[in-house]
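What follows is a set of structures to go through.
Next come two complexes, and both contain chain A; in the first it sits with chain B, in the second with chain C.
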Partner chain A sequence: MSSLKDILMPFTAWKNVFKEPVSIKDPLNERPGAPRYRGFHKNDVKSCIGCGTCESICENEAIDMVAIAGFDAKNGDSGLRPKVDYGRCCWCALCVDVCTTGSLTLSNEYKWVDTDSDNFRYIPGIDNKPWDNNELGWKKPGNGYEFYQLERVKMEELHPEERDKSFIEIIQGYSKEQAEKEADRCVECGICTATCPAHMGIPQYIKAIRNNNLEEGLRILYDTNPLPEICGRICTHKCETVCSIGHRGEAISIRWLKRYIADQNPSEKYKTILETDFIQKNGKKIAIIGSGPAGLSAAHYLAKMGYEVEIFEKLAQAGGMMRYGIPEYRLPYDSIDKDINYILSLGVKIHYNVNVGKDITLEQLGKDFDAVFAGTGLHLGRSTRIEGSDHKNVYQSIELLRKITQGEEIHVAEKIVVIGGGNVAMDITRSLARLQNQKYGKVQMITTSLETEEKMPADREEVVEAREEGAIINPGWAPQKVEIQDGIIKGLHVVQCMSLFDATGNFNPQCNMENARFFEGDMVVESIGQGMDLSYIAEPLKDDIEMGPRGRIKVNSDFQTSVPWLFMGGDTIQGPDVIHGIANGHRAAMGIDKYLTEQ
Partner chain B sequence: MNKHWLNIGYDRSKYPETGVDGNLVIDKTAHKLVKLWQGPNHPGVTGNMSIELTISGDEIVEAKTHVGYLHRGFEKLFERRKYIQVFPTCIRLCVAEPDYNEYNLAASVEELSGIEVPEVAQWLRTLVLEMARLQSLLRVVPGQGGTTGLGIGVQWGVYLRDLILDRFEELTGGRVYHMYIIPGGVRGLLPEGFKKRLKSTLKEIDEFIVNIDNLMFSNAVFKKRTIGVGYIDPTWVDSYGIVGPNARAAGFKRDVRKDYPYLKYNELEFDPQTATESDIYTRSRIRWHDLKMTVDLIQQILDKMPDDGIIRAQTPNVLHWKIPKGETYVRSESSRGEYGFYVVADGTEYPRRINLRGPSYTHAVSLLEHMLIGANIADVASIMVSLQTCPPEIER
Partner chain C sequence: MKKFIKDLSFRFNITEIEYQRKNLAFVSVDKESVMQMLSYLRDTEGFSHFVLMTAVDWIEDGIFQLTYILNNPTKKIDLAIRIKILRENAEMYSAHHLWNQVATYQRELKEMFGINFPGSPRVNESFLLEGWDNIPPMRRDFDTKKYSEETYFPRPGRGTNDPAQHMKIKLYPNE
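Take a look at the complex of A and B:
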């Protein structure tokens, strides 16, 4: 078995005596971690938004989101930052891989000696550490490595040629597969909930879509928003602007997912799903002026609480600006009706064609009802007041949009110039383009705004779609004069607008008078904002009402005016926005309930 | 054979005596037996487990294994974690070769949800699994000599293993727990100059393979201590569920890479060695052959693999990844033999059950208890190491 060779061979190991030792003399200083090493955390606290995704993926619960002095919660930022506990961390770096903004990384530092064990819990980026400026360390791998889809599920839309003559809805809506795939992208950070004026439970209803539990989804929607069909189409989606996924990819289509839930639930099942088949009445009566988003929202929540609600509406149909301002191709009337009919089914009454202030006074309503909520909106157009703007063929966009809804014949010229860069300007541009197309077979629209392309307040997709439909959007020009020859409009003189605001932030447009242009047109439409008509608040009530800044009525956090029984909300208080109106209505409903219970 | 080879002057055949059936006759009432605990913290045991030995003289008459020193309830912990959170946890099932846990988890999740792993990721996985085998063998091959007092080989092995860990650090960002094979793919491409550095490490290991052959396998003392000791009867292989090198040393050509090819093993050329002597020496020799084969496999992988590509398939959002209802058994060949995960998914975000079938459970508990009877106290450590047991994997 053993031979002489077996005795001698092991001695060959002696050759190593003459080799250099392989150990590192001073490993603490001579041995940096590899470029990809997963060492201690670093966080770029400025680009971090405190979404807490790192906290939710950490299987050791080593990460806590903590409030930091000097970092306030604001739109799109929770104000929290991750705090890492190295007693728990296992350096798996999943927190880095999942980070929505890419602010969290690991350095290649692995040595840290401290006598106080409490020091091993620290907030990267806030508590300064020697490795804060280390370039090396673990970062997101790249090469197709993502924990969630960064791209949106594409929404089916009508092709420009299919839509440029008609008012059929453009956005087709998601199918079940598409909605579930889109819902899967959500990381449930809740930044959207904090930003939404109505604080809708967005991650929760997106989760309901993933779980294919649309009834639960509808219940979550109605907790905070009684107009999901409408909001699912035309909400200004502040939630999507701040969506954490949007930092490196495309924001989740929160609005369209909301629409998906509302579309999929049949209206006849609403009362069962939302458990409103029977509501115990409390015998108190509330009057609501205006059936816009704020009024309907207040009506819904008050009716649910058992109040008897009556709405007084000036026009022939309910919906306010949602019906009379927003064109049908964005918000079909069926969708408005679905939401409104449900609210009416709770026992809410609407008196149409009743103009409060003329047909009935506000004071009378105050006497007949326990409380009054007014959400009368901004229905007056604003004029540029430039030379020639008093011509009969210079129109207000609000007025034209209302007439289109009412089916009235309006004047559609062959060449039209629109002044304005907001969503209403786009609405009138695209509506008139359709009518031009129907009448003349071609579109000759020029829309101009003071703001430059980047700063236009209109949604990006509105601008893109308007162009697809043949309108020319030419932003960055200040209107100077409507050119009129022999009583006929020839066009609009504009000069280049250099800046909108002065150093103090006041509106004070500066123009370059040498760069002038002339936009040809037979008709001019002004769409530069709306004003409110508060003439229904007459003497002697008017004297009791305290006014706030910018001609608005002062209200408290419950939207109660200085006249205790009068509550106000919506566009007249917070400016033009559907979701703000809905949030105001909800808050006011709770305020009314509080006021009447405490009385 | 009853006479001690050092001839220290006593007759080992006296206690206990061999009966007519060839088994030892133990008179447990004669009070001639001694209980001896080997472990839990004994240099001769692998990891934290202990063996309660009943000895008569220095002959073992009964052996009972005790585990539980490492119990962390991993399989239960998995059921309370999302699939992506199992990923950094499951590696701790086996410290010596964490990568097979990563692979098994990833492969089972991908199989259940029907995800195709990108080409370059499959190559990188194969590479990492072979590197894991290499670093494990670099410990266990010379470690076998360590149990008989041959410490030098262990020093060499640990140094070379460190070089492999350096390569792991470059590629994966971690030295021991690599957390690299993630469900869907892998977590990074090869860094710049990696192939060259790994090849130069392999060159050093080539040298080591020759040196350890001279030092250990051509060593009179080592041969004396291991040849004919710790015999595994080929008939036990199936009844005890013996796999890997332990089965190959007993004449069974068992290798998951050949029998149920996975990843890129189909495209690689290798031939696992077998032998029939089935003692400690042979098992160690088989592992030495494995070491050579692994070095060769890594060379092949480096030559054949693509340099660039997508490293991870797009999976559903990992934060709420629901795995479709179903169950699967996924296996890979670790340096110890077949290493499998049995995964049951119930359609939720959490695994219903993840069960590990590791080779150590059979090797280090039932087989060891059986093998130790009649062995010498001094050989217990050698026998344990020759089975390449890993207690963390028994207790999960």
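Take a look at the complex of A and C:
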């Protein structure tokens, strides 16, 4: 069915012969890939943290995480780096799009000729390649295209005006929907586990939330931490500081997710879920001194192993600093009781109001029990010892916090100055602010610390919330003298603090005496740290105890002292914080078991 | 474009409209209207060029989404038509009588997704996957990783580390 048109048609192409060609003129010159071309990998190995999400997402298993000389594992960095196998890579760039730090990119280079196929496996950023400095190529698009939410699910809190007069809990906790949404942000890299002093299975319990299997979540928590209600509220959450998502967004709310699991499991089901309805006893007895986090943690794991555990507690209730130091608005007593009651349900006995050293000697405990664990903590307030600090209206924060818990009436002045920049200083500031509000209807608190705003050891949210509640936080000042006129405190003299440590790293504050200030107040509270009271370790036992650096008792990796039956842990050894206490107690429990089994 | 789609919606039951660009819009219709709509667009509205057709597996909803893209070379506009068909025993009317090349697309869809187009020329012949003995590989329930593990040999010398485990070995082996 050919026509004249069909025959002549090809000649119409001749009309283009003098036109500028659309295709590339010269085949011999460079033809760079498009600006967003997905070519060979590049990795900024300095900002890469070896989280391995590139490996996990790769559908083709083209990426291996390999150890590299000069990149050691450390806090927040596994030391591993991705190695790509181009026998498998399909250049889909999912590894780039999921990268938590943004270190992994693709160059626009697409040509690589080699005779040895093994060369096509290489470590981007380590094995030098010609395209290492190519600016062009595929990068994570910055248009909100993300595989995970960079922002946290917001936690509901009481507004400052709802909370500044009362001690009710501020943080409301996540709902099921919120918790699952927050858990969904986790990439399960596990970088956090090494940083947690108790090395909790963080990605695993977050996964349990995602799968709505909260019983499994609780079992994972109790593997390493028998105080999840407490830690879920007040843990120092070191884990969140290294969260891989935190590199480009906000870290996962690990602490609140832990709390969610503990809150959602009813206490009456704990023993069934944790399979501790029946524990085979082994007939051995352990004494524990102090019912703080370290003592309770040791008690829990020992009781689970079948030991008869008795705790000797100086005060009327269990919990140590968690009950008597941390204010109720951060950690309600119900939550403390939930964790402790479960531990008691394992058969642990607590002897309250027994002061070891006075009511019973440590030596006697050593004779009556197979082993002793002491987690006695730091309960002695330290004084600045500045002029006037011996006045009766200069208080120690730790004593005031204890009295508030015990329900005792304490002196609350109209204007109060607090010295200290740690979490305890914030606790006393915010507790006194509430009491001032109740008594006077207004807050007149000034809290000052040697450290500047950036270097204050207190958690950031504590400082922010204290300010929201009306307290003035004015850091960077060194206290000089408590001004007293006619026996009444008038305020605190301070000078500007320039630096805290000298060149050798020793504590040696340097001040600018020219820049002085006076903080008015009729009551001063010192909150500059606590010391330990080891007077219960008396002669002749004391002579056998070997001391370590910084006035602490020497223990081995099982937290065993030089007296074989005596183990120690918690704030007297490491920390101070709750999670170190828990970790110490757990390891000491295993150490005690090892010691008694080997005996 | 908007006016054209408005006119079109008087003739066909368009359930969704999405304006992607000034010269590209996506419309959703039901399975029964497609053939009629394709002929109308080709013969009356000047969409003489068939650009492509493709599928998406919405496994959670139990459906396949088919998309036909047509081009109007005079007006220089593209129109994409989306329909949903059941995933189970997936079958669709063939459009090869409108454009010859549709048969090739349909043959590919049969192979990659398992969607049948009865009457389409050579639809049951292999397109790329000669000797394929598994479920169609573009179906979402096809496990690519498992398939490659079973099919291909591992490359010697490869080995990997789990970041959390590696950190435990390096930082706290005894805890």
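The rule is simple: the second predicted complex is superposed on the first by the 575 of 599 C-alpha atoms of A that agree within 3 Å, B and C clash if a C-alpha of one lies under 4 Å from a C-alpha of the other, contacts with A are read in each partner's own complex, and residues count from 1 in each chain.
Everything that follows uses one rule, which is that a residue touches a chain if its C-beta (ideal position, glycine included) is under 8 Å from a C-beta of that chain, and two chains touch if they have at least 3 such contacts.
If you're wondering where the values come from, they're calculated on a predicted model, not measured in any experiment.
After superposition onto chain A, the modelled positions of chain B and chain C overlap sterically. Which of chain B and chain C touches more residues of chain A: that partner is B. In the superposed model, A:471 makes contact with neither chain B nor chain C. Looking at the shared chain after the overlay, A:579 reaches neither chain B nor chain C. Look at A:203: by the touch rule set out above, it reaches chain C but stays clear of chain B.
By the touch criterion stated above, A:36 is placed in contact with chain B alone, chain C being left untouched.
Once the two complexes are overlaid on the shared chain, A:191 sits against chain C while remaining clear of chain B. Of the two partner chains, chain C is the only one that A:80 touches; chain B does not reach it. Contacts of A:61 after superposition: chain C is touched, whereas chain B is not reached. Residue contacts after overlaying the shared chain place A:52 against chain C, while chain B stays out of touching range. Of 182-190, 254-262 or 308-316, the chain B stretch that intrudes into chain C once chain A is superposed is 254-262 (criterion: clashing C-alpha atoms).
Residues 59 of chain A are contacted both by chain B in one complex and by chain C in the other.
Remark: chain B residues 81-82, 84-89, 118, 152, 159, 166, 169-174, 177, 179, 185, 187-189, 191, 211, 214-216, 218-220, 223-224, 227, 308-320 touch chain A in the complex.
Chain A contributes residues 1-2, 5-7, 9-10, 12-13, 22, 33-38, 53, 56-57, 59, 90-94, 97-98, 106, 138, 141, 143-149, 184-188, 207, 210 to its touches with chain B in the complex.
Remark: chain A residues 50-52, 55, 59-61, 63-67, 72-74, 78-80, 85, 87-88, 118, 121, 189-191, 193-194, 199, 203, 557, 583, 587 touch chain C in the complex. Within the complex, the chain C residues that touch chain A are 144-145, 148-149, 155, 157-164, 166-168, 170-172, 174-175.
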